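Input: structures, listed below.
Presented sequentially are two complexes of subunit A, the first with subunit B as partner and the second with subunit C.
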Partner chain A sequence: MMNAHKKNKQMDSILTEGNGEIIHDDILANELREAHGPKGAPQGDPIMQVRDLHVSFATEAGVCRAVRGVNFDLWRGRTLGIVGESGSGKSVTALSLIGLLDDNAKVEGSIRMNGVELIGRSDEEMSTIRGENIAMVFQDPLSALTPMFTIGDQIAESLLTHHPDMPKDKVHDRCVELLGLVGIPQPEERLKSFPHEFSGGMRQRVMIAIAIANEPDVIIADEPTTALDVTIQAQILEVLAKAQKETGAAVVLITHDLGVVAGAADDILVMYAGRPVERASIDDLFEKPSMPYTMGLLGAVPKPHVAANQRLVPIQGNPPSLVDIPSGCPFSPRCPLATPECSLEEPNLEPVDDSQGHLASCRRLKEIVDKDLKYTDVFPIPDAVRPQWAEMPRDQRPVTLDVEHLVKHFPLKGGGMFRRTVGKVAAVDDVTFSIRQGETLALVGESGSGKSTTLMEIMNLMKPEAGRITVLGHDLAEIKNRAERKELRKDLQIIFQDPMSSLDPRMPIYDVLAEPLRAQHWNKDDINHRVGELMELVGLNPDYVDRFPSQFSGGQRQRISIARALATDPKVLLLDEPIASLDVSIQAGVINLLEDLQAKLKISYLFVAHDLAVIRHISDRVAVMYLGQVVELGETQEVFTHPRHPYTKALLSAIPVPDPKIERTRSRIILSGDMPSPAENFAGCRFASRCPIKPTLSEEQRKMCESKRPVLTGDELNDTQFACHFPLDVDEAAF
Partner chain B sequence: MTENNTVSNDSSTTAESGGEVKHLSYGTLIARRFFRQKSAVAGVVIFILLLLFALFGGKICKWSYDDPDFMSISEPPSAEHWLGTDPGGLDLFALISHGLGKSMLIGIITSVATMTIAALYGTAIAFFGGWIERVGMWILDMLLVIPSFLLVAMIVRAANAKAGWIWLIIGLTAFGWVGYARIIRTMALSLRERDYIKAARFMGVGSFKIILRHLVPNLASMIIINTVLGVVNAVASETALSYLGVGIKLPDTSLGLILQTGASTTQTAPWIVVFPSVALVLLTFSMQLIGDGLRDALDPNSAANGQVNA
Partner chain C sequence: MLKFIAKRAANYVVMLYVAISFTYFMASAFMTPRSNYESRTPRPPQASIERTLDLANINDHTSVFVRYWHWLTNIVTKWDWGLSPSLESVNKALAPRILASTELVTLSTVLSIVLGVALGIYTAQRQYHWQDRLFSTLATFFLVIPSAVLALMIVLIAITVNDAAGFRIFYVTGLSSYSGDNLLLRFGDFLQHIILPTISLTLLGMVSYHLTQRTYLLDEMHADYVRTARSKGLTRKQAIRRHALRASLIPTGVNVAFSIASVFTGAVITESIFAINGLGRYFITAINNNDINASVAIAAFGGACTLVGALLADIFSAWLDPRIKMS
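Moving on to the complex of A and B:
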């Protein structure tokens, strides 16, 4: 008893040992000089100092050096964005701060908080500051909460762990306060809810509430919005900013999305192959990136706020494996500026300008600064293939895919032995669009809006429940037998989101590519010829056909899926989020490939995506979906500049723009709440419950929104069609 | 991982030429990956030796398995009887040669047939789903409650001595696949939702082809391991049934039957147990090696990759 008490005393907090002493060195001096952000230069002493952090793991393939020499400081009230592709070591860096790495991780260097060294602390010691002084928000809110306990219990747990003597009613009050703070309506009642009763966005809010429960000094957010929809993402970033303001904590924001950091971070650390390659304050980094990798990363991102008048610039090759990092500069094999000397020695972070704290690691940094090289100088923009058929006006080209008032319901099954149908979910309810030859139509919407169901309805080639689908002039309702359907399959193909699961891991590439051809009864020689042709078409070496999918990288696998879809020379290609699972630098290459193929082969694309920036870049026309209905349909350029439906406008305003200056001045339309369940019955407009316009309308008009279902119509203001009784004016700009 | 960085991500793809692609057929590829593994080759060699012994052992021995030498009963190995004789005066070399053949036939046919039926049935009901799955599962559940051992015993008992082993195979197979089919269905359920299955369907590939080409190969590790263990199991079942007097009947013989005879004389004539045991161990060992080799050859992530990235 005595012993336990003593132990408890000792475990109070390891931070009390500290004296707040900080390390004054060049790294800190440089950081203090960087003031090109909304908050200016950092003030006062840093709360946390990381020096020369190295993390390595022993794996079967060898030692994986995940982090190699990271330095940074964190100040209260400031946000440090750590940006990098998968495998750049950003998450490992974050986990080492909070001491949550696996046991086989070897951590070296120094992490000091309040003058106390955290590296080498036991798990028990670290747990005294975890949650109390350092908190974490994880990427996947669906798995971060325990399904067996109520939200209230889980927030209370974080409070009681560190304050066991806190009285019950105080805990309760604090929980209510926290839930209110993160914007959960009726916090009192929701305390008793279980995680499964919350949507993803709501759960992420709860995670943030748990993270700030004890007013920590440092909050680590590891890709906090990646798993969420764009409108929810905007909400969560807002909540995170509010939480930071409330607690005054330093935030480490880890992300691969340059748009997210542009709006939320003050300082940026760009990581590549486990090493920081550039550090600057936010405006500096976006204005004058100085390391070729950063330039490439910025150039490879499609910009949602400007029209796509030039091609994206992909970075060649793939990020290196951390087990086998190339000698010298790890970026040199992919760098257009690389010379043989680059692979001799790894450069360190050097100041770009002696008077400022902007740091970059490149052997040729001096040249870059002296010649003021921009990313277009470093990465020449590839020429676009001009399609010869583009001269022909759109309405003279034949319609390849036509969908009219498509409806699809799923039955809601009750439990029990007979699984009776107890209701139905309108997954797709009134989808209308048409695609002409050589055109790209983008289908945009949040998850649950029915995009994928629409694709599956088209691919199934069955008579739809209601409405009409016409593929290349064949009405699906009139297809009678399998043979006809199979004949049509040749002209209609699909590419899936995840190239890992869309290729059979046990099939060599040759058989993967030959499969659609065999299904169409091609003969052996023709198949062989075609496979070689396809490999070259998507930019892969035909000698690799005997390899298995796992031997290729993500981008290459997606190229293989594209090749397979193109095998039978289809006229219409459906793309279900084809680049969502790829790294930014790889995405650009795949987008360019898709554009080239369309120019060359005159295919129509139905491109499903939630990333509006990509859509603006690649599509000619866009259909915006909300809860199973197409609410706006028109030319991409027109929809992005003059949205007519309030939902489209909200969606556009929610996209993070990879430009900090624009990002700061923009006002966001934050939609209240989540998308309602499609199992509900809607008499009127489906968007009415979240519509930001509706409260401004008169009583009578509001009644109309609630009782009468709007259908797609147009007016004389522009060519766009919209499903709204009270459309927006065309002079309202989206960005 | 053998991630290769050599393939250029060049986006300007203008090559329209194509041309012949040198490639290996799937069979050749798998064979190459199989024979690259030394242990698998060893397994094949042992298996072939056992097979030759079972086929021609009787020919090189001057005794026949059903021709007792009453002059030497329970004799230890000698020049006359290479592996000795059993209490009935039968030559052990001839007996083992014949018995091994029977056991191999019963074990391998039963096991392969069991797993084939289980794999096809399990994946098919999982793939088609809906009412087919419901009826299929219902049949499986019905079959599971049948006392299979008893039924097999009754079937074999009713058959005559010569055809007994065929009925044994039929009986063991007919009731052996049910449990495996259930397991395979559960595993196939998660595969069914994979995109490559959808992709194949959207290409117009027939259902049966999808099952054979995508579902079954992706369950290969599990199926192969169970097949190998199934051989051992089938031999064990046959031994058990023979012990009860309802399996293989004299004068026909099997390893199980010989072992059973030898069990009573382990103290006085150990060779009767030792030699058939060695044959049985060699048989299962070779099956194990072949099974492992096959699994690694089919598994793209295994060490059988060799130096593809050199």
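Moving on to the complex of A and C:
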């Protein structure tokens, strides 16, 4: 590989053509006033200037105008957060900076670096600055590295592409240095590893190492942590901050997660339907959101750090199609403040507070500023449906689902002709919880913790490998025949994560909803009646039953999934990450729907999720899982405020809070390394290898952690149960 | 690495043995060489029929297990694959035909792989451009045209060229007609014979490599890691060459390896039109003549080719993709 690089000598960098000339205009002047952030106002000249950027794609449906008039400047050492939902044009903006858009993209406007115009450059010309002056970290680390080459080769490639004459030993030393910088242990040895030998978090570290190899001036991070677990996300954000410090680069952080930008960005650009709708320094944006969409976005996210005492405020409707953008303000169809005039003309960014450079685009901006409207004024908080049965204390309600010491092992097959079993993967190893009627229990854990396996074991309705599952008083081990199992299945339904793939695309909605009823041998009239009833129950127009799933949006499709699950009037609903694939503004609507349904129908929810903010909002009780074991079980409120297990505490501290001021003052517990493989054999505590408490213990206590497996127990300090020999005190606050 | 290959090879030898034995029993059950003699007019005396069948070890009055054991011992101890119903040695008949087939298919196979894969790579990089459209249309044409028609067209064109030139540039039958000792002339003569069937087989063979390689590369070209490579500063072409191409060659390599057997025995039509005594025609004749031993021998050769191909495919994939473990 090495030789190939030398042969391909690159042309000279196009940046040498420039003279560092800066466009001094109102946009720049405005940005220079943005001072309400951790770093104050920007200093000096910007490194990159984007003016009136437009990107459109020719698609079969018509011209898709993905980006329509984006302006911003980037300064070295500062982070610009671009926030928006899917289809807002944030990723397209990022890719146009680095020139990696598809060939059918039409890019107009101006992107200048060192006074050199980048738009209209050929692939060869752009390649002289890609990786050298501007680098990118992508969303999915699992597919972003070439599986056939070693990590070392891939980092070296970014060095050698721009510095073909770099001697071999220097390249090697730099690669080792880079891997060390991004926190990969034993960098020297890991250079020879292949990507598949690394976990997702480690691969994202490698991606960052590749991005900073040539000390670029601009690093674009496109949803860099979206595909990662929350504790790994915290690690990666820290590495990214370190990389920025090390290189002094300007960072563009693109995300849909307001918590992530709150902790990492200096300035924020909110995008909607391809246009910037609000821009401000980080503190201004979170304190005084002025565009109704921004307000709605902030109101729609559940807050992990405060108790859920009020409902979320969903934004009605869906983002517009970029092929057919409505006239006037694209947000007006969803905006509670909208008047007929809003659909006449699209508003531009106008100053909210001139002295702070805070801009927002709304026709009624003056009104919002003058009356100092908060999001609670714009989006009135809907009243919660109070369940009539809520008066009954929890312990008097019947238990609907009871799981005790559930175990599920998968055999590990060896290679060779006979595929002998050489070990086992303890996917679920000691899971205990119980749910009462009308209650929501959340099962929390990172990927690989065994959440989904637990759900599947329950859905199987078979005798578990070990332990006991009791559904509505029926012990699954005692179910004798299929008829009994079928009868029970009616009362136990599941909703999956991805509403795109969990609905048959060739089945009209009527059939989707009727199928579970047919399986229970309902007659035609009853089914007809029930389908209409279900559609109304989940807030969809019953006339739409003859449409196909592809004609609905993601949020609507998830409502259909919910309706399907509710068809047989179940008593227990298992929800496997039901809102993880939905946009923030859509999530809130589905969460509210689930809450209403529970109040109306008295269903029990077993809610599996990795988003702790959502869990705090929706659940009554929570079970925290680590490597197949429930390590903490208790009231949500209590677990979130007084975690007893060190893992719970680390998990809570890793959640980014959508409030920049809190984010800046919080200290994070960054867990070292990744979750060990469940195929390993653990004599003692499964968390011991990463436990932040263990090093503080005495020699004898540590031995206990390593040799004796903790089981769920409680103590007199609070009602929570935990699987830890040395639990935390209750005065340890998580936030 | 060596251990891996040895292990795989051992596996394949066992598989091959089972497959060939199975073929032997099947062929013995379905083919009736006795009828070759009984239907003759005048009918040969019964004793002579029995003696001939016994000599060839294909007499259905003998237990098939006894025949099988006899056949197997001869192969293992003397590498003797038996006799045809007319008491000719299968070994002697097979060897020149394998040679002829090898001469016929080697060049065209190599050419169709190289040209097909190259064309696939070229057109994938120019997806939807006129070059891609042109070659895809041509590929579809060669995909649907029957090989006999194509071969005959080539023969007709060659004859026209010969007539126009006034002397014989292309031979349209056989593999050689020179009988002298001059090596250079001999080789020239061979080229004059081989060129037409090679063109015919190459055109037919490269089409599938072209179309599949194009698809494989298009899949890989849009992979995230190619975008990563470009973000490092590689141009699109460099990124495709260094990152996407390698992964896209794995399925092609497997295709090539598994097509070896069919290349040898599948050129029946081309062999017939160019009057070449290759394996394909021999296979058909053997089946028509109820020639149990020859059929099994050809099947064994095909099986061996397939398994050698499979072994090559294993090694090739493992070499290209480190995720495939060699242990």
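Criterion: the second predicted complex is superposed on the first by the 723 of 735 C-alpha atoms of A that agree within 3 Å, B and C clash if a C-alpha of one lies under 4 Å from a C-alpha of the other, contacts with A are read in each partner's own complex, and residues count from 1 in each chain.
Keep this in mind: a contact is a pair of C-beta atoms (placed from the backbone, for glycine too) under 8 Å apart; a residue touches a chain by one contact, two chains touch by 3 or more.
Only a predicted model underlies this, so the values are computations on that prediction, with no experimental measurement involved.
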Partner chain(s) touched by A:Glu157 [first = subunit B, second = subunit C, both, neither]: second
Touching partner for A:Leu100 - first (subunit B), second (subunit C), both, neither: second
Which superposed partner A:Arg76 touches (first subunit B, second subunit C, both, neither): neither
First, second, both or neither for A:Arg68, with subunit B first and subunit C second: neither
Between subunit B and subunit C, more extensive residue contact with subunit A: B
Which superposed partner A:Glu132 touches (first subunit B, second subunit C, both, neither): second
Contacts of A:Pro314 with subunit B and subunit C, given as first, second, both or neither: first
Contacts of A:His358 with subunit B and subunit C, given as first, second, both or neither: neither
Which superposed partner A:His610 touches (first subunit B, second subunit C, both, neither): neither
Subunit C-contacting residues of subunit A that also contact subunit B: none
Residues on subunit C engaged by subunit A in the complex (per definition of touch): 11, 223-225, 227-236, 238, 242-243, 246-247, 320-323, 325, 327
Parts of subunit A lying in touch with subunit B, wherever the complex brings them together: 61, 314, 316-318, 320-321, 333, 382-383, 385, 459, 485-486, 489-490, 492-494, 496-498, 501-508, 510-511, 515-516, 518-520, 528-533, 535-553, 555-556, 561, 564, 568, 586, 589, 592-593, 596-597
Contacting residues of subunit A [partner subunit C, same complex]: 1, 4, 8, 10, 98, 100, 123-124, 127-132, 135-136, 138, 140, 143-150, 157-158, 161-162, 194, 196, 207, 210-211, 213, 415, 417
Residue numbers on subunit B that touch subunit A, as the complex places them: 1-13, 15-24, 26, 29, 194-196, 198-200, 202-206, 209, 213-214, 217-218, 220, 298-301, 305, 308-309
